[in-house]
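Before any comments, here is the structure.
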Amino acid sequence: MEYFIQQLVNGITLGSIYGLIAIGYTMVYGIIGMINFAHGDIFMIGAFVALISFIIFGLTGVALPIILLLVLLIAMLFTACYGWTVEKLAYKPLRGSFRLAPLISALGMSIVLQNYVQVAQGARVKPMQPLISGGLEFFKNSEFIVTVSYLQIFIVILTIILMGIFTYLITKTDLGRAQRACEQDRTMTALLGINVDRTISITFIIGSSLASVAGMMFVLYYGVIDFYIGFLAGIKAFTAAVLGGIGSLPGAMLGGLLIGLIETFWAGYVSLEYKDVAAFSVLIVVLIFFPTGFLGKPDIEKV
Amino acid sequence: MEKKDIIQSFKDSLFTGLIALALFGPIVGLRTASKGEGLFITPQWGVVFLLVGLCILGRFLINLNSVRKTEITSFSKFTSKFSAITEDKAKHFAITAILFAVVFPFLPFTDRYFMDVAIMILTYIMLGWGLNIVVGLAGLLDLGYVAFYAVGAYSYALIATTFGWSFWICLPLAGLFAAFFGILLGFPVLRLRGDYLAIVTLGFGEIIRIILINWYEVTNGPDGITGIPRPSFFGLPFKRSPDEGETSFHLFFNLEYSTMHRIIFLYYLILVLALITNYFTLKIRKLPVGRAWEALREDEIACKSLGVNPTNTKLTAFAIGAMFGGFAGSFFATRQAFISPESFTFIESAIIVAIVVLGGMGSQTGVVLASIFLIGITEMFRDLEQYRMIAFGGAMVLIMVFKPKGILANRKPTILMHGDKK
Amino acid sequence: MSNLLSVENLTMKFGGLTAIDDLSFDAKNNQITSIIGPNGAGKTTVFNCLTGFYKPTNGQMFLHKENSKISLRKYTDFKIAYVAKVARTFQNIRLFPAMSVLENLLVAQHNELMVASGYSLFGLLNLKSYRDKEQLAVDKAKYWLDIIGLTHRADDNAGDLPYGDQRKLEIVRAMCIEPRLLCLDEPAAGLNPKESAELNKLLKFIKTEKQTGILLIEHDMSVVMGISDHVVVLNYGKKIFEGTADQTKNSKEVIEAYLGVDE
């Protein structure tokens, strides 16, 4: 039982990270109907920017909460630039091209980003000392002590705050309305005087910022990153987006949590070696039997 | 151009520079390196300023002369001309290329290194042709093609090391096994939409790799399988000193022993395998099933309305593509004599997809040119290996933006009513 | 004249929306039956149910053969064309644009050619039996191309044809599967008067010479009234009238549905 609770806590933490990345997939899919294959690498870049900023601020000796806030903002800003540029260079010219063109372009972009970071930052793994240590302990009398670290609490709370802001943005502001309009019908939205290109750009910026936060969490949580982390995390987050129902924002978060839980429980109870297989199998099974996910809209084929 | 425009484009360029600074500043400018305990930062501002400067200049030039427009038109003109030439002289080109490939091992400048590169290029050409059936003809983006390559290599290695059967028995078995896997995977997933299919195949490729790493009893895990038998020349091994009662290649033909014999043999082996793949593809393209593949790529709903069974048709494409992947895998195993999961990562799939996409989906000649270009040229600049994948990815993006049908994209009908008009 | 198709109590719901509501009608052999109605009346949905793209919520559709009838509900997807021999065209033309005109017509004969090519085996061996069958298929394609006057463009890409020719090509492509019932979804849309007249001729030819029943959705009344033997009028998914072309023209309900009622 205690072990179960511990896995639950770990799963929710991991799920928050996946959920934040998954939002980027689902938003882009909703608005331009493509799988942004490079999104996982945007997350990786976010992690690198966060790592670099942590090192720089670590030298200044500023108080920890301020460092966290500064790093968060810096990572969001710089990573958003990447998201914006990728969209402008690799996706925007392809609107109206044949079906698979954006996916191939995204694949190319993903390869570029990965290897660019490898060249610029080196191929070695980057370790970082833990910044937030300690935690709360439960069930102290039992054999297995459940630990909820402050870091885990930080990650979950930060995710909840971001989700709150984000939900407000999408449901209550003009920007959100424009976005939802673009999802329905891009041509009509443009005819109504809304700048569709800008709306799409902003979508990429928001998605990338959230991914960069996930990247920062990843650095803090695992304490080690390399240029390749975006691939696996990206696939898992994509699975999360599909599981929750691609195009649906609450679905992405829900899917993220589920994938996080599935992964930790699989690793905890079944087999550690095959924990990635669990994620991939979920992806395949969901796409085949359950392509609309939990909260997605059914996709009626227009003839 | 008016003064206002120049100022405008100047501002625009500066903005580009600002973005470039944001992009390159942290990632390129602040390089992290471990020294003892923890990480330190080595600034590299010189490189950043160079990159930013290039971006500003590039953007300014693009604005100033609309360079992009003229470049694009001249680029398309060049490639169309190029495709027109290759199409006109397709036969001559093919014959010349094959003749060159045949005499290549005996050319004066050909040494061991050239042979190795040539073998590698031919392996990729074969993989590209195999994948071309799936991606180019049937329009199914398969991002897990390397799985079949791996299945072929491992089944060859396991059969050969366990039963000790000869190459010529193991090769078809490995191919069939890979095709079987293709059907096994394809059956549930081929109903999926194009982009979902791509992701699922990618997932399948990764699952196969993870299984290869962890299934110690069979695959020997990350250590891989060693001691895979080398191929023999119809029963004549390439050994300096053959075993009792055995004749080796150089003794039989009364030649001086040389390791090159085996290399040359391997070269011809892959050349023949690749040419078989090509011949098969060209043939099957003109058969009903080939036409149905292309029709499915064009419009699946129309196909259904004409009574074409989409699942079966896609499945054949998938299985045949997988089979050739399996053949190539067997060759890889026998050539290396050692295989491990390392060789079958996602990046291999991406490279093969890049070869097919850059060459022009469905174009056989395109695959050859793209393989020579991507594998050969980058092999020559081995020191720049890190940059080569950037170039790969960048090329994929550029091709999609400027020439989405690929460099060589002239499709010839599979059957003519009026014969060749020329 | 014997019945070819009977639609009985067909109902199709999408979520809360009832696109077709308890629709019954018959179509006879060697006749052109038109389905007309204002936009959104559910005409294309009827087609999609008939040709297996949608599974109807309720109701039956039967195709009559000499002495038996087959239920179209049992067949979905490609089997409608393959087994039941119901062919269709689409509102927005669905040719294979990057393939030649001739290839388009050969894909329509895919299933026979597959058998003839021994599921590719005989074809790979280049056996004469396959080559002969292929020649027959090309001859059939030529027969239809001669009829629509496109033989000279047989080797050009279908996507390069003018719009009107693409429409005609799509119809003869459907005819290449030798259908018992041909469903045409707005074949005259976007055609000029001359092309419309040619289309009428083609459809009459198919009806009389090929003994194929035709089901037609059309907005162009000159086509509908010119060639229909029987007209079914839909509005909001319900049948509001059924009769000959002349009867339809004078029907009060139909005029109301199209023009509205004076209150």
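Odds and ends about this structure:
Per-chain numbering from 1; labels A, B and C assigned in written order.
FYI, contacts are C-beta pairs under 8 Å (C-beta built on N, C-alpha and C of every residue); 3 or more make two chains touch, one makes a residue touch a chain.
Owing to the predicted nature of the structure, the values given are computational and were not obtained by experimental measurement.
A simple rule picks the central chain: find each chain's mean C-alpha point, then take the one closest to the mean of all protein C-alpha atoms, which gives B. Comparing the CA-atom centres of all chains against that of subunit A, the greatest distance is found for C. Centre to centre, using the average C-alpha position, subunit A and subunit B are separated by 30 Å. With centres set at the average Cα position, the gap from subunit B to subunit C is 43 Å. Rounded to a whole number, the gap between the C-alpha centres of subunit A and subunit C is 48 angstrom. Across the assembly, subunit B contributes residues 301 that each touch 2 or more other chains. Among all residues of subunit C, those that touch two or more other chains are 53, 90.
Contact of a single residue of subunit A with at least two other chains is seen at positions 301, 303. Only residues 280, 283-284, 287-289, 291-292, 294-295, 298-299, 301-310, 316, 411, 413-418, 421 of subunit B touch subunit C when the two sit together in their complex. For subunit B in complex with subunit A, the touching residues are 19, 22-23, 25-28, 30-34, 38-41, 139, 141, 143, 188-189, 191-192, 194-196, 198-200, 202-204, 206-207, 210-211, 213-214, 301, 346-347, 350, 353-354, 357, 386-387, 389-390, 392-397, 400-401, 404.
On the subunit C side of its complex with subunit B, the touching residues are 51-53, 77-82, 87-90, 94-100, 102-104, 106-108, 110-111, 113-114, 116-117, 119-120, 123-124, 134, 138, 141-142, 151-152, 154-155, 173-174, 176-177. Those residues of subunit A that touch subunit B in the shared complex are 34-35, 45, 48-49, 51-53, 55-56, 77-78, 81-82, 84-85, 89-90, 93-94, 97-105, 107-122, 124, 126-129, 231, 235, 238, 242, 273-274, 276-277, 280-281, 283-284, 287-288, 291, 301, 303.
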